[in-house]
Structure formats: C-alpha cells, structure tokens
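Since the structure comes first, as structure tokens, the remarks are kept for the end.
Letters A, B, C and D name the chains as they come in the text, with residue numbers starting at 1 for each one.
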C-alpha cells in the first residue's frame, strides 16, 4: 500500500490529519477529547465553555428524526475555571485540543480567555452561532459589529490562533465573517447547527424542552458546502468546515469546497471509529487521484 | 369508518383538504396542476411565472443526495402571456390553482399580475425567496423594504388573495413577513428551499451547472417547522407551511406548528399518490384524536 | 467510460460500467452527465448482469457532442435506470425504429425473443450509412424477419419504415407495434396500429431536467415522460393526440413543433 | 402506557408496549419521555417478544414522579433499547442488587438461568417494605439461591447486600458478580470481585441527555455510559477507580459526589 501523510497546517495549527471532533459532541471532558484524538481525529474541539457553570436545558435536549438530529442542550458546561483545571491536569501531553468558548458579549468572552489562556491547547473557536440560547448565540453571530468587538476582545488577550464559528441562519454570514477577519480572527469555522424544531404528533408538543433547537447531521451538509464555498471565494484565511460529514466522500467534498480541515459531529452517532474510517477513505482517494498532500485538494471545486 | 371532512378555509380560499402541490414541482403546465388536484391535492401552486419566458439553467439542474434534493432549475417558465393562455383554456372548470409569480422588482411583479389577473384561479403566491437566481430571488426576500413594495404593487392590481413566500436563509424572515403583512399580504408561505451546493468528488465539480441551488425535502422540515412556529407567534394571517412534508405525521406536525394548509413538493418523488396517502393519514389521526375540523389542529403545538 | 464504438457516420455507442444498470429493462433510460457540459436522457442500448451498459448517441448539443468524443477512462455520471419499460411478453411483435431510436429496440428485441414472441423488425435510416445496429439485430432475429428501409433507397427498401410497417401489419400476425425514433414516424405508426386495432407502445423523447418526476419539464399531456414513460402506450397517447407527433414543450414550458 | 403496578412503598413498575423493546437484552435501558416534564434513562425490568415492556421507577424528580403517577392510556415516549447488555453465558453468577437497581437484574436472572448458569441472587433494601421483586425472583431461582438483606434487619439478613455477597463469593463457585444499585454498593462489590479475582459487571447510572453517544454528558472516564455501558466490566472500571463509587459529573460536567 502506498503511504500518504494526511498532515495539515491550518492557521499555524499542525494536525496529523484534517479531521476534528466538532464542539459539543461528547467533548465535555478532556477524557472524551483524548479518546477522539486517540481514535484518529487530528484534533478535538471542546464543548463551548462559558464563564459560569451551566446545567443547560431540561431533557429532552436531543431528538433524532428522519431529518437529522435536533438539539437544544443549552450550552451546558462546567465553566471556565473548572475546565481550566481539567486542562491543567493534562499539561505536557501536547494534545491537539481546540477550546470552544461562548459568552454574552466582548467582556465575557475576554474573561473566559483570561481564565483559560495559560493552559496548553492549540487554539480558540469562538461560538458566535448557537441557534437556541438567548443572549449568547445568534444575537452575536448575526451582527457584524458585535462579532467584531468579540473577536477584538479575544484577540487582545491571547496569542493563540482564533477561529470564529459562523451561523448559516443569516444571509449576512459573509459580513459577519469579514468583521471577524478584519478584527483579527485567524480562521473561520462554518457552520453551526440550523435553527429548527420538531413537534411530536401524539402529544402535540414541541419535542425539545426548549422548543427551539439546532439541526445537525447529513441534512445540513449541502447548506454547509454552499457557505464554505462562499467563504473561500471571499477570504484568504483558512476555513474549518463543519456540518453533516459522516463519510470520506463528505469530507473530500468539504475540502474541495474550500475547507482546510473538517469537523465531524453528529456522525459520532456511529462511534469513534468514524475518524479512522474517514481518514482511510481520504487516503485511498488521494492515492487514486495522485494527490500528495491534503492541502492540494483544498478549494479545487472552484476551478470550474 | 367515520367520515371526516378535511375542508379548510385559508384567507378566503376554500380547499377540499389542506394539501397543496408546492410551486415548481411538476406544475409547469395546467395539465400537471390538474393531475395533482385530481390525485387528491386540495389545491396546486404553479411553477413561478415571470414576465418573459425563461429556459432556466443548463442541466444538471437537480441532484438527489443523501441529504435531500438540491435544485437550480433557474425559474424556467413559459412567461406570463403564454401561461395566461393556458389558464384561459380551462376557464369554467373552477380548478383550485394558485399562481406563483416572481419578478425583478415591484414593477415587474405588477406587470405579471396585470397579464394573469383576468383568469380564473384562486390566489397569488409571491416568490420572494428563490435562493439561486440572481436579482429576482433573495435580494427581494431578505430585504423588508423591497418586499413591502413588491406586495404593495401586487396588492394594488388584484382582488385575489396574496401570499408572500418567505426564505429561511435569513435571520430577518419575521421582519420580511411583517413588511409583507403590513403591505396587504393575506397570508404567508414558509419556507422555500435552503441555499445549498453539492460537489461531486470524482470530477471535483459543483454538481449543478449553476453551482448554487436550493435544498428541499425531508432535510429541511425541522427548519420549516421552527419558522412556521415563529410566524404563528407573530402574526394573525394564515400560514401555508412548506418544506419536507412526505407523510401524514409531517403534515400534522406542520398544522400543529401553525400552518393552515401544507404544501408538498419533493415528496412527489414518490408519485402523485402522496396526496391521498397523507389525507388518509390525517383523517385517521383526526378520528383517533377526536378532531372534527382540520382548523382545530392549527397551532396546537403552541399550547404548551 | 470503458469504450466508444463508432456505429454510423455520426452515431456512436458509448460503453460504461454502472452496477445499477444491471437491473435495467428494455426501454428504460439513464440520465447521462457529461461534466461541465450538460446532463441528458439516453435510452440504454445494452446492459448486462455485470452492469456493462451502453447508450447510443448522436451529437445534437454540447453534452452529446462531448459524449461522442469521450475517451476511455473519462468519468461520466450515470443516474438511473429510470422509467417504465416496454411490455415484454409472448406476442406478435413488430418493431419499427429509426435513427438512434433503434437504441432501446435492440434490448427489446432480445428480450421479446427470449420471451417466445414472434419478432419482426424494421430498421429505418436516411441512407445506407445511417442504418444502425444491422449486424446486432441480425444476431437476434431471423433474416426473413429483419427489414431495412432507406429514404434514398441505398439499402433495403426505399421509403419510410412506416410504409413497410403498414404492409407488415396487414400481412403478418402482428399484435403489438413497438416503435422508437422521430416522433412523426412514431405518430404514423400509432395511426397504423389504431386503424388495425392492435396494441402499440412508443418510447418518446422530451426535454428532461430531473428524470425523477419532480421538475415537470417532460410532460406529454398529464403524463410525466420520465416516470409514466418514456414508453407510453396507445391509451396514454390517445389523450394527447393534439400534441403527439406535432408539439412538445421547450425548456421554458412553451409549446414548439416536434 | 398500559399498566402501573405499585411494587413497594415508593417504587412502581410502569408497563408499556413498544415493539422495538422486543429485541432488548438484559441490562439495556430506554430513554423515557414524560411529556412536559423530563426525559431520563431507565433500565428495562421486563420485555417480551410482543414488546410489552416495563421500567421500574422510584420518584426522584419531576419526570420520574410524573411517571409513577401516570395512568393507563397516557402517552409516554420511549426511545431505545440502548446500551451494552450484561454478558449472558453459562457461569457461576452472583447477582447483587439494591433498590431499583434490581430492575435490570430480573431479566438478567431469567436469561442466565435459560443459558444454564448457576444463579445466586442477593436482594437488598433498607427495610422489609423496600425489597423489590422478591416474588418475581422466587419464580426464577431456587429458594436456596435467593437471599435477602435489609439494613434494619426487618426481613432476611440484617446488613448490606455486599456483606452477604462477600460470604457467598467465598463459599460458592462464583465466577462473575453482576450488580446494580447504589454506586457505593457496586464499588464494594467491585472490590470484593477484584480481591477474589473473579469477573464483574455493573450497570452504572449517570446523567444522560441523548442516550446515543452524542452529548458526552454520561462519561465515566473515557467511556460513554450510554454506549459503552450502562453495563461496564472490571476492565473498563479499573481505569476509573478514582471516580467509580466516589464522583460523577453533574449536568454541567462538573464532578460531584455520587
């Protein structure tokens, strides 16, 4: 068998392969992030961490439908102080962890960074795009000016690379991205879940306790591909693709659209083996199509 | 078997049942609209008709993926003059046809109405939301002011009910809806397709000739449900639900979210029988749950 | 794409491998995507249990032109097989085809013979060098059951294939006419069958976008050709006689002459 | 919901019909949705080929409280069965359970007996009126293999079920301990098995949001309890001894005492 390195460099991050665990999927604890990495992910993004501990919404917080997964977990997280301690405990192990953070505005984002920044991790992903938590979600991600001030606040407090995670629930995504990039974001992550709801017909109730949630999984991939394609046309900074990837074809499709690396979330439904399966598929494809590096594939869908 | 009437009244439209054929699905010709009605649809919305004939984009214009259907047909249509002649030919048959129209701005919408209005049909649906045709699609549907002027232009030229069809690609959907309602729209249709793209990995090309298209089918239903729920909270005018309905459960879910009637599009993939199947399912549900009229179910998901 | 065989002056058969086509039946079509050019429907002219299949194509636009020029190893997209096939049963079958319309008639002839039908075939073309699949049909039906007509008389009988078909319907025990080719020819064959009171199936052609019953671009009356056809029988066509052989919808949905 | 059976002072068994549960195996759980209140994991205490199934529940929050009060005909949502079941094979089995932890042990006992295992059961409870499923277990195992302990000595042997378990491990040919109940008890049983060098499986409990390996709320070390458990064996638990029986994560992900 021909060997291929899957190594990628994304805004200074060196990853063994282009796959990352997406934020909020199993990665509430450093143990879970580690398991994803040991299962073959090039990196792992933590659950979004806020200033204070949050229990999130009452169950049901997730519902699997024939249209994909709809969730309103409600940004449950142990808070920046506790998570900082968890990170401190794995110091020296050089785990390729990206920490996702959220907050109610620039000041709160800044304080979260101050509490976490001393630890060993690769980068920040700013969750500007949770579609179902009032005050910390889309209010920030749909408004270019607020997004800019959040990115500036984070930028001034860390030397680590900063990725802004975008929402496709707005037609202004490219404007928000521009604000983030102009304010110092090193890269963009697209996309978060799509605002959604399901109603259960026997009980006639919205299924989720929070009623509104976010749609993820296969259903949203064509939306993600379109948004990544638009971002690649508009910006030079690297893009982390996210949304509905569960096979190597999906991952390659996202690279071709312009993503430099690819997050996998809902597909964890099929177990941690998804990372090595996808990597194997990408390797086979590269051999067959004679690509030497993953980077060569990035954005190739724009050639035509 | 217990009998149940499925009759509904939606902004003055009297329909035999709450199902409508969605715009752009088979309904390019009056023959096809008629077949949908005879197959059990309470009404049928035509392909969107513009001022001039349009051939649409080159093939491929549709691609079926594991995430649903992505299309960029490009608003192909025979033009208002020809379509008006087709409508004139069925005069007196009292077919429950809704005519969807599009245009580049208020003046163009107005002229289309002038050409069509003399014919016998139930109502207009204004396509303010095609996600993949430049100049006549989302430029109109994402901007409340433009939407308002389009609705005013149509309103002043017809006595027939007018429905504004909305896009979920923007976080401003409710603002656009408000502009439409304040300008005289009798009802709202939600949602159109979601902006999307697919790239084929063997050839590395965007699959559609137009590259960008719109996602429809099961994948988008939870997005549609959320938007319909929001509209029902905000407005008194009736809502026609649309997006990913293929079973009676889906249709009931949409009624519970607040839709007064339900359009079926991509599910025609399974043939015209979908209308009678869904109607049968709704009837059984009504019997089981002791509903006497469809109207009783509308918006029940808001009770909790 | 595995092979490209030149059949006549301007018609080529393009072979490819697609496992899903192994389940094809005579008269079904596929949507062929020629990347960067177009996507269009094509009748299957061959298919086997392993999915080795072919379409037989005459260049008429950028897509089919590119397909005819396609080289071994090139990637083309195939969706399908789609559509309602011809009826295959023991009967007195008369196949009347012209031009690339012979494509779906070749697998049909094979299937009918296998089903024990008595099969007579008329191959039509403008001139000797336009006659398609003569060799292939000879392998399937007996010499006395294979007829050729050319408009210019350069091969077989001079005249239209439908002229000969009319004679054959009179002289032989024909219970069903199967036809594919120019729509004017198929309409003539319809009128012949109608007068003779025998069954009739034709594979029509319309502008197709989706191939799966969604877009509505392929209507013949109330029928969607991609789902209810491409093979339509006399009953389906009877409702569209003001259209069949005369009018079709262009890509915008307006009627134009066929 | 088809039936609600009061088992003890505060524990009820709620029967329902769910065809998917007909494929359940001992130790698997379902997510029970009590509309308007909560959704929570529950071990299956009964299931049959027709999908008639049950969970046995002690009210501890709004959801389980509502479930215990649920009446015949009420609609509850059931997802599952989920999770890794207990190992069912011919062995020397000792089942140690307390409180509603006996729920998954009942179908396990039945399955083990069927598989030819030698099955001994210890039922624990605070007091006589807390002992669950005594009658049901009597139907499955012989009198001499069924033991009862109560903390207050009001029924069976006074003391903890684990005290008795330790004796039984010494006296009988026990090759695997199966346990479910309060985590402190299960940890004790783990230590006993570990010292005796025999196999061990426990069904743990953690806060669960999704039940399908997505949300990460149910971690025990690197294991997701909903997928890798709820039944974990000694090997899986050995890596989490600083946690097992001592700490668990609350809904925010912080450690709290079990």
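Quick note on the criterion: a contact is a pair of C-beta atoms (placed from the backbone, for glycine too) under 8 Å apart; a residue touches a chain by one contact, two chains touch by 3 or more.
What you see is a predicted model; the values in this text were computed from it and never measured.
S.K.: Using the contact definition given at the top, which chains are in touch with both chain A and chain C?
M.R.: Touches both chain A and chain C: B.
S.K.: What's the farthest chain from chain A if centres are computed as the mean of the Cα atoms?
M.R.: Centroid comparison gives C as the farthest chain from chain A.
S.K.: Using the average of all C-alpha atoms in each chain as its centre, how far is it in Å between chain A and chain B?
M.R.: Here the centre of chain B sits 33 Å away from the centre of chain A.
S.K.: With centres defined as the mean C-alpha position, give me the chain A-chain D separation in Å.
M.R.: That gives a centre separation of 36 Å.
S.K.: Report, in whole Å, the distance between the mean C-alpha point of chain B and the mean C-alpha point of chain D.
M.R.: Computed from C-alpha means, the inter-chain centre distance equals 51 Å.
S.K.: As a quick test, compute the distance in whole Å between the mean CA positions of chain C and chain D.
M.R.: 67
S.K.: Going by the contact rule already set, what residues in chain C reach two or more other chains?
M.R.: 36
S.K.: Tell me, which residues of chain A touch at least two other chains?
M.R.: 205, 304
S.K.: Have a look at which chains touch which and call the overall pattern line, ring, star, complete or other.
M.R.: line
S.K.: Dump the list of chain pairs that touch, please.
M.R.: So, checking each combination of chains, I get A-B, A-D, B-C as the touching pairs.
S.K.: Where on chain B does chain C make contact in their complex?
M.R.: These residues of chain B touch chain C: 24-29, 31-32, 34-35, 47, 53-56, 58-62, 64, 69, 71, 73, 76-79, 82-83, 200, 202-203, 205, 209, 266, 268-269, 271.
S.K.: Considering the complex alone, what residue numbers of chain B touch chain A?
M.R.: It comes out as residues 65-68, 70, 138, 142, 167, 169-172, 194-199, 201, 204-206, 211-213, 215, 218-223, 225-226, 229, 244, 249, 252-253, 256-257, 285, 300-301, 303-304.
S.K.: Could you list, by residue number, the parts of chain D that touch chain A in their complex?
M.R.: Per the stated touch rule, the residues are 33, 35-36, 38-40, 63, 75, 77, 79, 209-210, 212-217, 219, 221-222, 224, 227, 249-254.
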